[in-house]
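The following pair of complexes shares a single chain, chain A, combined with chain B in the former and chain C in the latter.
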Partner chain A sequence: MLKSTLMKAVATTALCFSTWASAQAVDLQFYFPVAVGGKAADTIQELTSEYAAAHPDVNIDAVYTGSYQDTVAKVITASRGGNPPQLSVILSTDTFTLIDEDLVVPFDDYLTSEEDKKWLDGFYPAFMENSQTGGKTYGIPFQRSTPVMYWNKEAFKEAGLDPEVAPQTWDEMVEFGKKLTKKDDSGNVTQWGVRIPSSGFPYWLFQGLAIENGAILANSDGNKTNFDDPKVVEALEFMVDLSTKYEVMAPGIIEWGSTPKAFFERESAIVWTSTGNLTNMRDNAPFDFGVAMFPEKIQRGAPTGGGNFYLLKGASEEQTQAAVEFVKWITAPQQSMKWTKATGYVAPRPETWETAEMKEYAAGFPQVLVARDQLEFAKAELSTYQNQRVTSLLNDALAAAITGKSDAATALEKAQADADAILSEYR
Partner chain B sequence: MNRPAFSVDRLLNTSAAWLLALLWFLPLCYAVWTAFHPAAFEAHFVLTAPLTLENFEEAWAAAPFARYFFNTFLLVTLILICQFVLCTLAAYAFVRFDFPGRTILFTLVLLQLLVMPDILMVENYKTMRLLDLVDTIPAIALPYIASGFGIFLLRQTFMTIPKELDEAARIEGASFMGVLSKVYIPLAKPTYLAYGLVSVSHHWNNFLWPLIVTNSEDTRPVTVGLSIFSAIDSGVEWSVINAATLMTSGPLLIGFLLFQRQFVQSFMRAGIK
Partner chain C sequence: MMRRMALKREWIHGWLLLLPAMVFLFAFTHIPAITTFINSFYSTPRGKRAAKFIGTANYERMFDDPVFWQVLWNNIWFAVGTIPLSIGLAIVMALWVNEKMIGRSFLRMAFFTPTVLPLIAVANIWMFFYTPGFGLFDQLRSGLFGLPSTNYLGSPDTALNAIIVVTVWKEAGFFMIFYLAALQAMPVSLKEAAQIEGANRWTIFWRITFPMLMPTTLFVTVNAVINSFRLVDHIFILTDGGPDNASALLLFYIYETAFRFWETGYGATLTVALLALLSLLAIGQFFFFDKKVHYK
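Right after this comes the complex of A and B.
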C-alpha cells in the first residue's frame, strides 16, 4: 500500500517534471538559403538535428528558403506579417537594409560576459567588417567566402611558364595572359589567358581589383560610396584593357555561372571565381590546377562574400538567448569544420583551422588555405543602405564600360552621382 | 498560272513555321541531351556519347521530390476546382442577373487583373496568419481562387450563349442552377479546358509565394525542390539542372502532348492566345 502510494507520487512528480520541461522548451525557427551546389541543405539539417538531440530544451526548425534574394523576401514578408523567424542566414551585405527596415536586433545585448566578448573577437576581422556598424554587431559570420584565382597548371606548362607559380601582380597577369592566349590558324582564340566573369554581380570581382589598387568602394556607415575615386576608375580601365588593349580576356560580358565549365574545357587558363567552387573544381577539373590569391597592384586585396546569422526582432527573450547559443554552437570548431568540408566556405574562426582534423584536411588539399590566408588582405564586400539599388548602379556602370558603351570615368561618375542622390538621406 | 507563286508562298510559310518550331524546340533538345549524358558532354555533341540516367538519380535524391510532386498535384487540383466553382457562379451572376452595382462590381473584378499578385504578398501573408493557415497547402491556394481572369473569361463565354436556350430551359421548369449546369457549363467546355490549362501550368510553376508561405517539406511544391539547383556560388551543373527541370515539368509536357488537339481547338474557340 505504502509502496504503491510512493510509486504514484514518483510517477506524478515525474509527469509534472516532464510536462514542465516540455512547457519550457524553446521553439526556434531558422531560415537558411543555399548558394552552393552539393549537400549544403542536408548538412544544415544534419547539424540542427544534432543540436536538437543534444539540447532537448530547444526545438529547432531549420527552413530552407531558396536563394539569398528569396530568403530576404521571405524574412521581410514574414516579419511584416507578424511571424518572423528568430534566426536567419542572410547576405552580409544586407545588414543596412535590415537595420533600415528595423527587422534585426544586435547580438551585443546577449553577449555581455567577458567570455562572450572574447568569443566575438575570435572571428576573422575581415568577416566582421560587414557584420558590425555603429559599434554594434548585427551579424555573425557563417557561410562566408572570398574570391580566388584558379590556374590551369597544364596550360602554364604548354605556354612555357612555371606551372607552380601564379601571377603575383597585375603586370604579370597580363604578361602570363599573353603567353596563355592561343589562337588557331584563322585567328580565332581557342584559349584565353584570363577570365574575370562580369555577369549578374560584376561588382564583386571588380571590387577585388579596386581594393588591390588601394580604393575602398563604400564607408563602414554604409552611406557614402567612392565610385568616382581615380583609383576605382583606374581599376575599371584595367579590367576593360584586359580585353581591348592586352587582348588576354574575352570581350564583352562574361558569364559567371559557366566559368568553372570554361575552366574545365580549357577555354581560359586563369579564372577568377568564388572559393565556393573549390569542391566542384577538385572533383571535375581534368587537369592539375592551382589556387592563388588575387594579384596585387599596390597591395593584395579581395572582397569577402556570403551570409551571416542575424537575430530577428519579435522573438521572446528566451528565444533570442537560445538562438545566440545555437549560433555559438554551430560556429564552434567541430561544426564549422563539417560545414567547411561540405561546402567550401571559409571557416570564420581561426581556432577551427587550428584543430588537428582541419590541419589534416588542409594538408591533403592545401588549396583550401589560400582563401583563409587571403583574409588578411580582404575588405568588406560593398554594402550600403538601399544596397540593391546602389549596387546595381555600380553594376550598370561596369557593364557600360565593359561593353564599350561608355568610358570608365564617365560611367563611374554617373554611378556616383546617382548613389549620392540615394544615400544623402542616410548621412 | 498562279500556281508557282502560290507554292513559293507556301514554301516560305512552311519553312518559316519550321524555323520557329526549331527555335522553340532547341532549348528543350539541349535539356534532353544534357540530362541523358554525363556532364563531360554538356558542350560536346557526339552521337556516340554514353547515355546515362545518373543525372536523374542525382536530381531525384537532392530533394524529397516524391512528396513535392504530391503537394503540387494537390495544390493545382485544389486551385482548379475552387476556381471553376467560384468563377462559374460569379460569371453566371454577372451575365444573367440584374442587380444594382453590377457594372461597378465587374469593373472591380477586372481591376484585379491590373494588380500584380507580388505586391499583395505581405497582406496575403497577414491574412493567412490571421486564419492560422501559414505552412499549409490551402494557404498557397487561397489568394488565387477568386480569379478575376477566370470570371472575365467565363462571363464573356456565357454572354455568347443565346438567351433563347436559357429561356427554353426555364420554360421547361429548370431552376437557375439547373440552367447553369445543363445549358451554360456544357456549352462553355472549351473555355474551361483552356482556362484549366493556363491555371494548372501557372500554379505548377509558381515559386515565390509558396516558398514564402510554407516552411516544411509536407507542404512545399516541386518548384521549391527545383530551386535547390540554382546554386550560383559554385557554378552551374547543366546536366543535373536539366534533368531536374525535365523531371518537374515532365507531367505537364506529357499532359500537353497527349491532349494537344483538344487544347489547340479549345484555345481557338475560347480566344485565349
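Right after this comes the complex of A and C.
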C-alpha cells in the first residue's frame, strides 16, 4: 500500500516535470555520420537549424559523429553509459546489431494513425527491406544510395565505342573493357577498362554482381547467409576473372577512396561506386561522363546502401514523439530535395521526385535519375546479426580470392562455415 | 617522540605529493588493466543477456583463432622490420647532423618533420604515394624506368612492408633527437685522445661513440618495441588491415574485435595477451641490456 502510494507520488511528480518540460521545450540530440565528401555535413546543420527556427518548442542538437563506423560505436558507447542520443542516423545494415544490443525502439508505436501508415508506405520498398524485420519498422530511410556505374564518354569515343551507350551485360562490360584497356609501347597498362573497388568493404559492390547472378547473400531474418551458393561463387569468379583472365581490371585490391580520382585521372574508363559520389563527379570530372545501372547477368541488380534514422531507447515519450515529427519533416519533399541536390543520395520517397523543382533539376542533370530507376531491381544490402563480424568474414574471403591466395569456392565455403558458427545461436 | 612526529609528517607529505599522479595512474592504467583481466573470463554482454562467467573459453578460442596467430606473426615481422631499421637510421642521421656544416639546422628540421605530423595525415599523404597508376611511386617508376604499375597496398605480399616503410620514416626522426642529445653531451676529449692514438673514424665510432650511446639505445629500443605494438593509426587509412588480414596488427585486431564486432569479452582476452607480451618484452629488454649498458 505504502509502496503504491509512493509510486503514485513519484509518477505524479515525474508527470508534472515532464509537462513542465514540454511547456518549456523538448531537447533532442541527434547523431549523424558523413560518408561522402562535399556539403553533406553543412546541409544537415542547415536543415536542423531551419527546423528549430520553425519549431520553437523543440531544441535540436545535431552532432556530427564521423564515419558510419564511428557513429555506431559512439551510439553504443553512449547508450551503455546511460546517455544515448534520442535519434541517430546509422547504417541500415546495423539494424540487427541494434536490436541485439537492445538499443532501439520501433517506429510503429508512434505511427498509429491511418495517415501515419500511409506515410510509411510512401518510401521506396527497396529501401524498406533493410529497415524492417519481424513485421516492425526500425529504420526510416534517409541518406540512402545504390552503387552505379560511371563511364568516361571521351574514352569510349577514343576506343571507337558509342559514347552514349554503357555496357548492358557482363559480356558487354568485358568486351568494352578490352577495347578501353590501353597499353603503352612497353606493354604497361595506362588505362584500365573497368574498376570495381575492393578495399575496406568489398562485399557491397560484390553484392551487385551476386544479385545480378540471381543470388541473395542473406535471409531477411538476418540469421542465415548463402556465401557458398554456386551463383555467389560464380559471381566472385567473374570478379577475379576481370583481372586475371580478361585483363580489363587492375590486379589486387583496388582502393575505394581513390576511385573518383582514378576516374578523373583516366586511370579507369568505367568505375563502379556509390551514387553518393555523383555531385563530386559532376563538379570535378574534366570530361563528359555518363551514369548507368549495373550490367545484367541473368537480371539487373544492385544492393542498396547508406543510413537510416533510428529511435534510441532511453528517451522520454515527448522526446521520441518530437524525434518522429522531425524525421517526418526532414524526409518530406522540400527538405529531401535539398539533401539530394547537395549530395547525390537518392530521395527515399517517390513524391519528392514528383515535385516540379525536382523534375526541373533532373531534366538538367539526368544522371541523377539512374540510381532511383535502379531501385526497381535493388535488393537489401547484406545485413545479419553480428553484422560487422559476418560481413568481415565475407570481405576476407573476397580479398583472399582477389589476391589469389585462395580460389573463390574454397574462400567462400570457409566464410560460410564461420558465419554459420556465429549465426546458429540466432536461429 | 618529536622525531616520530616529524617522520610521520614527512611520510604524509610524500604520499600527498604522490597522490595526484597515483589517482590518474590507477584510474586510467591499473584499474582498467585489472577489469580487462576479469572481463576476459566473461562472455560478451548483449542487450538483455548479461555477461556470464565462462572460465577460460575465451582463451581457448584465442589459441584456436587463426586470425590471432596471423596478426601476432604480422606484428613480430612488423617489429623486426621497424625497430632495427629506424634505430640504425636514427644513429646515421644523428651523426650526420652533429657535424659542423652548412644547412645543419635545415637538415635537422627536415629529419624531425615526420615526427611532428599527425600519423593520420601522414598516412593520407603516403596513400597518394602508393596509389597504383597515378600515385607518386608509380609515376616515377613509369616516367623514369618505364616499369608497369604496382599495387603495394593491395597485395598481401607487400601490404605490411609498405606499412613498415611509413612507420620507419615516421619514427627515425624522433629517435634521432635522443641520439643527437646524447652525442652533444659526449666529451670531445675521448675522441681527441683516440685520434692522437691514430684510431680511424670507424674504430672511434665502434669503440667510443656507440658504447657511450648505449643508455640512449636502451631507452630508444624500449620505446621502439612499445611503438611497434602501439602504432596502428595509419593502418586504418592505408589498408584497413587487408587484404585478408595481411597487414593487421595485434592492437588493430583488438580494436576491430572490441569496437567493430562489439565482442568485448574476446577483446578483453586479446588485450590481456598484448599486455602479457609487452610486460615480458620490457622485462626481457632490461635484463638483456643491463650488462651492456654503461651509465656514467
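Going forward, the second predicted complex is superposed on the first by the 403 of 427 C-alpha atoms of A that agree within 3 Å, B and C clash if a C-alpha of one lies under 4 Å from a C-alpha of the other, contacts with A are read in each partner's own complex, and residues count from 1 in each chain.
By definition in this document, contacts are C-beta pairs under 8 Å (C-beta built on N, C-alpha and C of every residue); 3 or more make two chains touch, one makes a residue touch a chain.
Not measured: the values here are computed from a predicted model.
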Evaluate whether chain B and chain C can sit on chain A together after superposition, giving fit or clash.
-> clash
A:Ala73 contacts which: chain B (first), chain C (second), both, neither?
-> both
First, second, both or neither for A:Pro333, with chain B first and chain C second = neither
Scan A:Thr273 for contacts with chain B and chain C and give back first, second, both or neither.
-> first
Should A:Ala400 be classified as contacting the first partner (chain B), the second (chain C), both, or neither?
-> second
Between chain B (first) and chain C (second), which, if any, makes contact with A:Ser186: first, second, both or neither?
-> second
So, A:Pro163: does it touch chain B (first), chain C (second), both, or neither?
-> neither
Which holds for A:Asp102: it touches chain B only (first), chain C only (second), both, or neither?
-> second
Figure out whether A:Val34 sits in contact with chain B (first) or chain C (second), or with both, or with neither.
-> first
Applying the touch criterion given at the start, work out whether A:Gly214 contacts chain B, chain C, both or neither, answering first, second, both or neither.
-> neither
Which chain A residues come up in both lists, the one for chain B and the one for chain C?
-> 73, 76, 200, 257-258, 261, 265
Could you pull out which chain A residues touch chain B in their complex?
-> 29, 34-38, 40-41, 61, 63-67, 70, 73-74, 76-78, 80-83, 145, 200, 256-261, 265, 273-274, 276-277, 279-280, 284, 306, 344
Contacting residues of chain A [partner chain C, same complex] = 69, 73, 76, 97, 99-103, 184, 186-189, 192, 198-200, 250-255, 257-258, 261-262, 265, 267, 386, 388-389, 392, 395-397, 399-400, 402-403, 405
Touch list for chain B against partner chain A, complex | 39, 42-43, 63, 121-122, 125-126, 128-129, 134, 207-208, 211-212, 215-216, 224, 227-238
Contact set on chain C toward chain A in their complex | 46-48, 127-128, 131-134, 142, 146-149, 151, 153-156, 239-240, 242-246, 256, 259-263
